[in-house]
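Questions regarding the structure given below will be posed in turn.
Order of writing sets the labels: A, B, C and D. Residues in every chain begin at 1.
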Amino acid sequence: MKRIAIMTGGGDCPGLNAAIRAVVRVATNGFGYEVVGIQDGFEGLIENRSVPLAANNVRGILRVGGTILGSSNRTNPFRYNGPRGEHPETDASEEAFKNVSDLGIEALVVLGGDGTLLLAGQFADRYDIPMVGIPKTIDNDVRGSDYAIGFDTAVATVTDAVDKLHTTAESHHRVLFIETMGRTAGWIALYAGVAGGADVVLIPERAYNLDGIVNAIDARSSNGHRFTIAVVAEGVAAPSGGAVYKAKAGENHNWKLGGICQSLADVLDKRLDQEVRALVLGHLQRGGSPTPFDRALATQLGAKAVQTIADGGQNVVVGIQGLSVRTTPLREVTLGPRLVEDDHPMITAARQMGMYLG
Amino acid sequence: MKRIAIMTGGGDCPGLNAAIRAVVRVATNGFGYEVVGIQDGFEGLIENRSVPLAANNVRGILRVGGTILGSSNRTNPFRYNGPRGEHPETDASEEAFKNVSDLGIEALVVLGGDGTLLLAGQFADRYDIPMVGIPKTIDNDVRGSDYAIGFDTAVATVTDAVDKLHTTAESHHRVLFIETMGRTAGWIALYAGVAGGADVVLIPERAYNLDGIVNAIDARSSNGHRFTIAVVAEGVAAPSGGAVYKAKAGENHNWKLGGICQSLADVLDKRLDQEVRALVLGHLQRGGSPTPFDRALATQLGAKAVQTIADGGQNVVVGIQGLSVRTTPLREVTLGPRLVEDDHPMITAARQMGMYLG
Amino acid sequence: MKRIAIMTGGGDCPGLNAAIRAVVRVATNGFGYEVVGIQDGFEGLIENRSVPLAANNVRGILRVGGTILGSSNRTNPFRYNGPRGEHPETDASEEAFKNVSDLGIEALVVLGGDGTLLLAGQFADRYDIPMVGIPKTIDNDVRGSDYAIGFDTAVATVTDAVDKLHTTAESHHRVLFIETMGRTAGWIALYAGVAGGADVVLIPERAYNLDGIVNAIDARSSNGHRFTIAVVAEGVAAPSGGAVYKAKAGENHNWKLGGICQSLADVLDKRLDQEVRALVLGHLQRGGSPTPFDRALATQLGAKAVQTIADGGQNVVVGIQGLSVRTTPLREVTLGPRLVEDDHPMITAARQMGMYLG
Amino acid sequence: MKRIAIMTGGGDCPGLNAAIRAVVRVATNGFGYEVVGIQDGFEGLIENRSVPLAANNVRGILRVGGTILGSSNRTNPFRYNGPRGEHPETDASEEAFKNVSDLGIEALVVLGGDGTLLLAGQFADRYDIPMVGIPKTIDNDVRGSDYAIGFDTAVATVTDAVDKLHTTAESHHRVLFIETMGRTAGWIALYAGVAGGADVVLIPERAYNLDGIVNAIDARSSNGHRFTIAVVAEGVAAPSGGAVYKAKAGENHNWKLGGICQSLADVLDKRLDQEVRALVLGHLQRGGSPTPFDRALATQLGAKAVQTIADGGQNVVVGIQGLSVRTTPLREVTLGPRLVEDDHPMITAARQMGMYLG
């Protein structure tokens, strides 16, 4: 009987458990495989922490956020320095592979963002073990899939926050800057900004200037709207000396929690007649019960991952494209983050409606 | 200045207001058009009830379900019998066009399911007026768009109900049949069934038999699960004499509210050891604040509809395909309802997980 | 070490698990007791089905609806006819007490509505075992507590449904009758009707007449509101020959699922110009994650129940009164259901606002 | 015809609109009064900004957060320095009363926390105008009412956040400090901490020490729980030199946004093996659609306020006490904030369950 392993890596996001459940149920029920769950991502692979996963172990987890397997952020098997960073860096990949062999694991299903998937691919290449990736990140910036697991739920959480803050901003005539996750790509800010009816949306992909924001707020005031909601991705460049601000691709200047919105609020408070406030949503965006969309997505991708292993796939990533579930070679997926393009229909719509997007 | 009209037809669904808002704001802000809102669908077109719509009129409606324009079910301008069906049927389309002309309307944006869009297209053809359709129906069965406005919210409502009913079914060891909307196509039942972790999903597109359902429930009992959740689309054929039941395409045998699930519960109560109950969700599925997904979809489609008018489109329907927003000729959209196909990845995943789908 | 048992009886409701968790944690951590969970209410007591409950067994259940112990509806230990009603009725209480003794149980905590609490009290009296009741019922009709566990969540579910249905009723100009649970007492209908902004609320405690309903709807039409929302408790008397309808206390004439609202809709459809529809919410009202209010209530009552056992309480029921948690003798609690009185401030407020309440 | 005015003061909270709606509908429908809405609290009273409010003006606002009247924070009519603080302080109360007289206002309904109510009482006393207060504050610290409008919704928002953060903390094995509003009283932190299943709850009323927190976390680790959730009110004293920390009544040492939780996280990060994070919820807590509980409360209090005016009440505050709605003399209400007492049943329950509360 074939035995496969599943692990989750990187930051938490809703829908991981739904995907784990699908992988386990499809593998055991659909294909007669055994499944081993690796705990805490690469760390568990190196430290040899795992649990057998049967249908009963994934009961009731469909609607629960987080991952029953645990995760570890930024563990790199090729430069490993221990569970708490207590050792010097060393290549622990051989140790990891020994554990894989000892457990009789014939293939790996890896749930991760592009960082995790890249490392998993290097591991799979070096030790020649079939690996299928499932894209998961609230940032939604993985190539090869229209949506990554977790994104829809994060957008729902942020939109709910924008809805809640709307009435408060209106009652107190405030300008409110709401900071979302998104260091490199602005998907959350864009979708939640549009869905929440924000007046200003700033994302790392687009340059902006302070005058543009001030003009948008002034235009609202002229129309009798004494409040403004701005949704800003954390990776947006801070206003500094120059006139136009844009994050360079792959970089960000504001990763300190709460950086950019407080900066904007501080600068604009001096230029505006209205009270300006900043709010950082933080880790709320990573939690919560996955939306039905994310549960359905995670189920389809989990099933496809097992099917792909059965079909002999190696170093590919499953993804949804339109209504189809497809595989993409890992090397194409890891070419770089998937950014919001200028002609994305949401950008076009938002601009035509009169939102300020830079 | 160009003047366009917007109207909504058919059953209610969440996201109509979000689309109306996008059309009005894009038309007025992005293109400098004037917008007229036709009230209560074709009925308002015939009876000449309309309101001018400026940006201020659509303020605050993004997150509100329903339609500020009102709707009328099944009004056919070519066979019109009055607001309350009080007159004999007559062709009122000329009257409707006269109103259009008198109002100076140069193009129509119509929010509807395939019934409404078909009639709108015939009207547009006969009187040579540009018409752009926006697909909206919780049933999600309009061709040319991966998703229709309202579907995602309806799935969220049904999934929330399935989540709620899960613990009650489990506490009381019951078999529960939950009836969703979907007379011809089973999209809601399929998505909410998978997202809610149902054990049985029946949709009009697929034949089923009672033995299959009984076996699925028995298998669960053997595994110690003393409850079962079945999600059933209203259009599924009732169990009668024969062994296999399937709704014929385009038909349904159970459109009376609460028909199919009560039938199934009655029949199975005699064959099962456990208590069997039926629950009909009804019009709840048409209401509620639209999900962020539906708001974002409605905004993109609304903007594209106006853009399409500006580009000279005639009798086309806008839709989302993957991440793109595209137009499809109306004649292709109205070829028939978009049904769930046997190889849809959700069907495959659900079967591989061990759900009973017929 | 003292050993106590906990059981749940009657219909499902949200917050049972929160109370079980509180009882187990307070008993084990606060008092050093052992706790035994009786499964499926009196049925489990008779059939000797139980599980030991330590802190670990109640982990993660605070926010989950239903009861991990299971429940049985209408099992009477003094007239027991087997798990499936397969035997003739017999007094099984001695058997139940033998199990209690064999398990070394020194006191009982019983979560139930007034039916369950009455039986538990008789059992406790006959066999002289300390019993403390915790009031739980979405109907909220247990004396001695301002609120029973589950009520607040049920009101939230119904209000959410009323909110959802509002926009649909408005878009389609309909009169909508929404049927809630409440065979004897109208608490859910009253609270959710007021919280949801209904125009008509009918409860079993109050007589109504059809003219009153028609007048309320006509008055709305005169003010330009072409829709009306009526919230009706299932125990309301059906309109028949006479002019005024009222359920007699302790009775109800419409307990068949969906009875009263469909009756009202059928009768009024003939008298009104607008379309009239009925919707039955059903078991949705018993499910779902408990509201924070219900979790906090369940926690306080669960803790107080254990404290009461430690203090030597016998046949008392814990309850919240204002901000205090108190005990009431069981014999006072079971004098009859707690009904909505004519001078309840919610009745006064609703009438002064112009709602029709009979 | 009698004419009364309504105004809202202080920080935003959900349920204000529900109360305004009740006041307007009860006043106009139940008593035949006219109602004037004062905009932006005392500022509008001084600057003479008001709108007439009829039933139609409060349509649809029951479920909307915020206040259609606007509010102003900390405007003191006796020491007024202009809408933007641009003037030197002056006594503007005579101006305000002149506006009241000119508008023909015979009584005032004031929605506020204790600060606003105190000022309103002084104004009412000096100019001999009947004033009835309605307690509203998410902090829930107004005497004379078991609950203030907005509290239940704020607890729901915070509990939802705690629920969301639970799975993330668990997946990543983190200690998480969540900061809620509550500068003087810890009601939100206490209720949401208990309802969300936190392990540590710190409120300004209770002294704590770092060792207690560390011990609680260590005890969890010993039981295999590698994460901990702490809910902390913003008014809790920061850990400094000494061993025990408690906010003095009426003071707080950490009102800077995000102060206390970041301080605790910084200090504990050095003493703990696990990663420690802080999250500030901020103004989210003031927004959102009011819960059904808050809507029902606001409706009852709004109706009672008008009734009280009709009964000749002067300088009283309406409140809910158990299931009754009562009035309390304003001078008793403003004796000081209502704090969480040591023997509150929630404190008792939480301690008995093993939570650390100082």
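Throughout what follows, a residue touches a chain if its C-beta (ideal position, glycine included) is under 8 Å from a C-beta of that chain, and two chains touch if they have at least 3 such contacts.
Everything quoted here is computed from the prediction, not taken from an experiment.
**Student:** Starting from the defined contact criterion, work out which chains touch chain A and chain B both, please.
**Tutor:** The shared contacts of chain A and chain B amount to nothing, since no chain touches both.
**Student:** Between chain pairs A-D and C-D, which one is joined by a greater number of C-beta pairs in contact?
**Tutor:** Comparing A-D with C-D, the pair joined by more C-beta contacts is C-D.
**Student:** Just how far, in Å, is the C-alpha centre of chain D from the one of chain B?
**Tutor:** Comparing mean C-alpha positions, chain D is 42 Å from chain B.
**Student:** Taking each chain's centre as the mean position of its Cα atoms, how many Å separate chain A from chain D?
**Tutor:** Chain centroid spacing, chain A to chain D, equals 35 Å.
**Student:** State, to the nearest whole Å, the distance from the C-alpha centre of chain C to the C-alpha centre of chain D.
**Tutor:** Result: the chain centres lie 30 Å from each other.
**Student:** Among the residues of chain B, which ones contact at least 2 other chains?
**Tutor:** Within chain B, the residues that touch at least two other chains are 163.
**Student:** Every touching chain pair, please?
**Tutor:** Touching chain pairs, listed by label, are A-B, A-D, B-C, C-D.
**Student:** Which of the residues in chain B end up touching chain C in this complex?
**Tutor:** 12, 14, 16, 40, 64-67, 70-73, 84, 157, 161, 163-168, 170-173, 176, 258, 273, 277, 279-280, 282-284, 286-288
**Student:** If we count contacts the way the header does, which residues on chain C are in touch with chain D in the complex?
**Tutor:** Its residues touching chain D are 22, 25-26, 29-31, 55-56, 62-63, 146, 152, 155-156, 159, 163, 191-192, 194-197, 223, 291-293, 295-296, 299-300, 302-304, 306-307, 321-325, 344-346, 348-354.
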